[in-house]
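Next, two complexes with subunit A in common: one pairs it with subunit B, the other with subunit C.
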Partner chain A sequence: MIGKSVPRKEGNNKVTGAAKYTNDFSVAGLLHAKLLTSPHAHATIKSIDVREAKKCPGVRAIVTGVDYPILTGSAIEDRPILALEKVRYFGEPIAVVVADTEYEAQNACTFIKVEYEILPVVNTVEEALEGKHPLVHEEFKNYTQVKELRPDPTRNVSNHVTVRKGNINEGRTLSDITVEIDVSFPQSDHAAMETRSVRAEILPSGEVYLHSSSQAPFTIKQSIGKYFNINENKVIVHTPLVGGAFGGKAAIQLELIAYAASKAVGGKLVTLTNTREDDMVSSPVHIGMSANVKLGATNQGELIMAEIKFLFDSGAYVDEASDITTTAALNCTGPYKINHVWCDSYCVYTNHPYSTSFRGYGHSELGFAIERAMEILANKLKIDPMELRIKNAIKPGDTTPSQAPLTKGNIGNTAKCLERVKELINWEEGQVVPISDRIIKAKGISSLWKTSMSPTNASTGAIITFNKDGTMNLNVGVVEMGQGTKTTLTQLLAESMKVDESKIHVKMEVDTQTSPRHWKTVASTATFMAGNAVLEAAEDAKRQLKNNAAYALRCKPEELEVGEARVYLKSNPKSNVNVKDVAHGYKYENGNAVGSLVIGHGSFMMNHLTKKDPQTGKGVPGPAWTVGAQAVEVEFDTKTFFYKITKAVTVLDVGKVINPKGARGQVTGAMCMGLSWASREGFTFDENGIVLNNQFRTYKTIRYNENPKYIVEFLETPQSDGPYGARGLGEHGVIGMPAALANSLSAAAGVPINQLPIVPESIWRQKRGGVYDINKF
Partner chain B sequence: MISINFEYHRPHSISEALEMFGELHAKGKEPIFYNGGTEIITMMRIHSLYTEARAVIDIKTIPECTYTGFQGDRLVIGSSIPLAQLQEMPEFPLLGKTCSRIADHTSREKITIGGNICGTIKYKEAVLPLLLTDCDLVIAGDNGINEIPIQQVFDKHMLLAPGSFVVQVLVKKQFLDLPYVSKKMTRIDRIGYPLLTVSALKTGEQARFAFSGLCDFPFRSNSVEDALNNQDWSVQERITNAISQLPAPLLGDAEGSAAYREFVLRNVLEESIAELKGG
Partner chain C sequence: MKQMVELTVNGEKKRIYVRPAATLLNTLREELGLTGAKPGCENGDCGACTINFDGRPMKSCLTLSIEAVDHQVTTIEGLIDTPIQQAFVKQFAFQCGYCTSGFIMNCHALAELYPNANEYQIKDWLQSNICRCTGYEEIEAAITEVLKNKAIEDTPS
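Moving on, here comes the complex of A and B:
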């Protein structure tokens, strides 16, 4: 079952449209909620008048910020459920209207009168650090910190993370050559097909039921309990199939509003689904960044030191941004061995939509900065960029920027990935090859790495039950959001039980009342964590099956083995009993029954993770590092600066490929996302902080026929504690794409391209030295 | 979702449509005529256009509006013909090509030629071939049904009296097969709003040019054309002069800055002139 491309268990239901998502639901009496959002990026709310709106047909209730004056947040409690006293970003929810129908709720929103006093806007991270008043959060000092942060509230900094490895002065002295670059990109959208959706109901018993398109149903349960002062055991969360998440659905936002909305109508069932516009800016977005990187090396190209500054645009509220700031710092060098590393990573408030996790979680962001710097270093050293990367590739025995020791078991083979990419992209042909008098072909490469930062005690579980025919039911708390983990877990169980995967029924929906608690379906950890739990549950089930079978076969349990739906004597497999006959105890011919009903359970908890040292960053942030290398090939028109992405390559060291087509799909999808982000995505803000492109008519993602040829290969250096040696791979395809694209286009155009997205106009601007002058042609 | 309630009316003749409009207007329902409805759907749902309309009149089933074919020496195109259909129509290749680059295929199945030129969108790219061919528009309104040269009713946008609508576009046969170019440039994708769209038609030794996306409105300008046709100048001089004759400042927006638009325009004009010369 391992290494077999088992089709997704839910695939037929999805392609026929039968699969049900959160908002695919209607029932008599269902009430509809709609958000009124802020048209300003920074303004004091002088008054909100809902009297006219309340008179609108169908309206049952209107909730505004003052009804729930509580602050929420996973790292620091800085965010009201609905804006309180002031709005801090364009699109911030101000009020929620509950009505009999969706259109009545939406209509009533237009009758709410809000009086604003416009405030000056903090529109960039650089402006934010100047610390001019009004600050984004004047009351920061009164907020509750949930995680350990190092803020500087007078400069709009919510978290400042430092990494100090080696001795930077020594590094500077030892470096023969240094390069310095600035890179940046704006915030962008997750662009999941399904917009965020939630449904809430409060029963007379006090039980709160939520259905949410979420990556974190168990966190919802906690948050509702915490913020509304309800015993958490009364909160039950269901998550059916999720239509794409990419990190954007790990944040808790609409759930809190939906609870408040239901409460306002006496606990009746209320549904709240984002419009596309709201999903793009009112709900949290992909983080933006400005960075400065200095790399020092010897003349021979040995990396000596890195001095890095990251300024992350968290937008108006922190959410996951402080942890992304941390992860980026702790892994700031990418997969290279550097002895002297200083990194200062800042999480900065602005009046932009607030940022949360996005596929890659800090690693694509740091990767873009580092890999552009590596390219410039190679150019300056006149060393082949591929050779420079291979020469400095990190390996077992080295340490990460946070001084985490790397071993054969926790890191793959970066150099080997690069070597293979070199062949696949035909690097020997040359980085830049003319194909006509105007068009040139150019290539760019990038290495990548990623670890998964989780709470040091993140945990999960798995439960296996048996049907009368001996087939199994698998229940885990992992959300199926298109990544195919449920199928992968099925394969792991099938392998362990030595049966066909068709004999296993995996529950797609997560129900926090019956599914074992799973931290969150994030960070490419589901196969690693839940996979280990499934294997433990399988062992547990086998042990119980053997106990029951021992009665039937009149032997000791330890003499037995389980496989192919039978329990058999190791010494004589012909002496066996069907699993179906021992899964529910064993019944002798005379009717006597012995043994017990088999319920396999297993669990997994992250171990050996340590908190980081607040000064040096020293610590072990994640269980392992997946490494890889990527390349992009473009055809570039030297006259118009238009380009076409023709080829994209990824070689990823995944430990063990469990489902080849599934793995390829994940990596290809992530590459597509990375190329789309790098080439065309990003929010455009006007001078007032208003997002100008919060619709797909103006916010562009790559279209089907604009995709290049994708080449994906895997190396299999086993992760010692991964299920069958497997590592996480869901996010990684995205990581090196922006840098590889920028490196190819920089080589093609002969100018450094350090800003995303890279549209032809950006290249044109660089070619002109960054100067706009209409008369200078 | 459109949250405003409004009435839907579907007349089956021009006279019925006009009558309906009068009645609904008298009742204060601020009626609007429409064809494909894409602008109503997309703009009303975000409450940014037509928020006062309480009645819409769908003219798609009026026979004259859905007619295409030749009448005498003119090609007749009903205003309700969707862009996707024009794209496949061999009779007027310049119009087909220009329409093929408006929006995406799904939208082109809905967007009509009448809707594209009468809507509020600033690009109205379907009007460019019409401006180049001196077409006549059949307009129904209080004054009856009249054929009016497009130059008289289109200046930056359609100048339609309230309660009137475009029934048909009439294009003289002599223009249909002339050499042409049609080029659309966008920020990056094939599909999207234009940085600029240029349509050009070669009539004898002269070439006609019409533009969209360059300024805040689509246009054809005599002085721009004179500059581009001036054989005394080099191609670069012609282009530089044409740019100095633009009827309004170059647009600078999220699709591209004004300076970049000029760069793109120069390239596109150079290519267009070369292609027309060859053709």
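Moving on, here comes the complex of A and C:
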């Protein structure tokens, strides 16, 4: 079962339209909620008049911020459920209308009168750091910090993370050569095809039922409990199949609004689904960044020091941005051995939509900065960029910027990934090869790494029960959002029980009342965490099966083995009993019953993770580092600056491939997302902080046939504590793509390209200084 | 005010009451319980709501329900075990599954109408849908496989 491309368990339901997502539900009496959102990026709310709106047909209730003067947030409680007193970003929810139908709710929104006093906007992280007034959060000092942060409220900084490894002065002295670059990219969007959706109901018993398209159903339970002062055990969250998430559905937002909406109509069932426009800006987005990187090396190309500054655009509220700021700092060098590292990473408030986790969680962001700097360093040293990377690739025995020790068991082989990419992209051919009088073929490379920062005690569980025919039911708290974990876990269980995967029924929906608590389905950790729990549950089930079978086979349980739907004597497999006959106790021929019903359970908890030192960042942030290398090949038109991405390569050290086609799909999908982001995605803000492209008409993503040819290979350096040696791979394909693309285009155009997204116009600006010269065409 | 209309969906005649402004997407999902067609943008940009309208792909979010009177509407629920559905499973051509109905309806119509579609035509058609999970490689494999088999099937022996 391991290494077999098992088609996904829910596949037939997905190709027939039968698969149900949160919003695929309707029932007579279901009420519909719609959001009224802010047309301004920064303004004081002078008044909200809902009288006219309340008179609109079908309207049952309208809730505004003053009804729930509560501040929420996972790191710092800075965000009201609905805007209170002021709005801090374009698209911020101000009111929610509950009506009999969606269109009636929508209609009533247009009758709500809001009077604003417009305030100057903080439109860039640089402006924010200047302490431009009014601050995004004037009342910051009164907020409750949930996590340990180091803020500087007068400069709009919610968190300042420092990493201090080695001695930076010594590093500067020892470096023969240094390079310095600035890179940046604006916020962008996850753009999952399913917009966020939630349904809430409050029963007379006090139980609160929520159905949510979420990566974090167990966190919803906590948040609803906490902010509405309800005993958490009364909150029950269901998450059916999720239509893509990419980090964007780990944040808690609409759930709180839906609860308030239901409460306003006496607890009746209310559904709230984002429009695409709201999903893009009202709900949290992918973080933006400006960075400055200085790298120092010897003339021979040995990296000596890195001095890095990250300015993360958290937007109007912090949410996960403070932790992304932290992760980026703790892993700031990428997969390179550097002894002297200083990093200052700032989480900065602006009047932009607020940022949350995005596939890669800080690593694609830091990767873009560091890999562009590596390229420029290679050019300055006149060393082959591939050789520079291989020479400095991190390996067991080295330490990370946060001084976490790297071992054979917790990191893969970066150099080997690079060597293989070198072959696959035909690097020897040369980085730039003209193929006609105006088209240039160019290649760019990037290394990548990622750890999964989690709470030090993040945990999960698995439960196995048996049907009368001996087939198994598997229940885990992992959300199925397209990543295929449910199928992977089925394969792990099938391998352990030595049965075909068709003998296992895996529950797709998460129900917090019956599914074992799972931290969150984030950070490419589900296979690692839940996989270990499933294997432990399988061992537990086998132990119980053997106990029951021992009665049947008149032996000690230790003499037995489980496999092929049977329990058999190790010494004589012909002496055996069917699993189905011992899974529910064992019945002798005369009717006497012995043994017990088999229910296998297992759990897993992160171990050996430590909190970071507040000054130096020293600590172990994650269980392991997945490493890899990537390359991009482009065909660049030297006249128009248009380009075509022809080829993209990834070699990733994943420990063990459990489902080859599934794994390839995760990686190519992530590569496509990374290239889409790097080549065309990003919010365009006008001078008032208004997002100009909050729909697919104007926010472009890669479409069919715009994708490159993918070349993907895996190395299998086992992770010592991973299930069958496997480590996470869901996010990693994104990470090196922006840098590899920028490196290829910088080589092709002969100018450094350090801003994303890289559209022909931005290359033109860089190349021609933004001057249109007819003679050049 | 709602009016009664008769729609033909997946070969079945359905009498339902709809608002003149109700989109076909909305009616299929809310009135007929056919939730395979998905709202992704309700602006005609993403193709998740694609259905077949007299055998041609149509974005049901841009179609009024009343426009469907006297026409044949086919949704994903109306396809049973078609080659394109099988190919999507076999080729791993979906992950989260949310765009899948729309892609399949588009591919199905293409295979039926233009079994000899060339690369340009395939691109032209399939660019009206967005998939955010895959890198399109598997979708390409699925449609290519179906068209190839269809061409073989249709060749007179």
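Here, the second predicted complex is superposed on the first by the 768 of 777 C-alpha atoms of A that agree within 3 Å, B and C clash if a C-alpha of one lies under 4 Å from a C-alpha of the other, contacts with A are read in each partner's own complex, and residues count from 1 in each chain.
Rule of thumb we're sticking to: a residue touches a chain if its C-beta (ideal position, glycine included) is under 8 Å from a C-beta of that chain, and two chains touch if they have at least 3 such contacts.
Because the structure is predicted, anything quoted here is derived from the model rather than measured.
Partners subunit B and subunit C, brought together by superposition on subunit A, fit side by side with no clash. Of the two partner chains placed by the overlay, neither subunit B nor subunit C lies in contact with A:509.
Applying the stated contact rule after C-alpha superposition, one finds that A:561 touches neither subunit B nor subunit C.
In the superposed model, A:10 makes contact with subunit C only, not with subunit B. Among subunit B and subunit C, the chain that touches a larger number of residues in subunit A is C. When the shared chain is aligned, no partner comes close enough to touch A:344: not subunit B, not subunit C.
In the superposed model, A:692 makes contact with subunit B only, not with subunit C. By the document's definition of touching, of the two partners only subunit B reaches A:680; subunit C does not.
In the superposed pair of complexes, A:103 makes contact with subunit B and with subunit C alike. Subunit B and subunit C, viewed from the C-alpha centre of subunit A in the overlaid structures, lie at an angle of 40 degrees when rounded to the nearest 10. When the two structures are aligned on the shared chain, A:194 is found in touch with subunit C, with no touch to subunit B. Within the superposed three-chain model, A:18 lies in touch with subunit C and out of touch with subunit B [touch as defined at top]. Superposition on chain A places subunit B within reach of subunit C only down to 5 Å, the least C-alpha distance between them.
Residues 103, 697, 703, 705-706 of subunit A contact both subunit B in one complex and subunit C in the other. Listing the residues of subunit C that touch subunit A in their complex gives 19, 21, 29-30, 33-43, 45-46, 48, 75-77, 79-80, 85, 88-90, 92, 94-101, 104, 122-123, 126-127, 129-140. Touching subunit B in their complex are the following residues of subunit A: 102-104, 106-107, 109-110, 277, 639-640, 679-680, 684, 692-693, 697-698, 700, 703, 705-706, 757, 759-761, 764-765, 772-774, 777. Subunit A meets subunit C in the complex at residues 5, 7-8, 10-21, 23-24, 26, 103, 191-195, 241-246, 273, 275-276, 481-484, 661-662, 665-666, 668-669, 671-673, 695-697, 701-707, 710.
Put simply, subunit B touches subunit A in their complex at residues 1-4, 42, 46-47, 187-193, 250, 254, 256-260, 262-264, 266-267.
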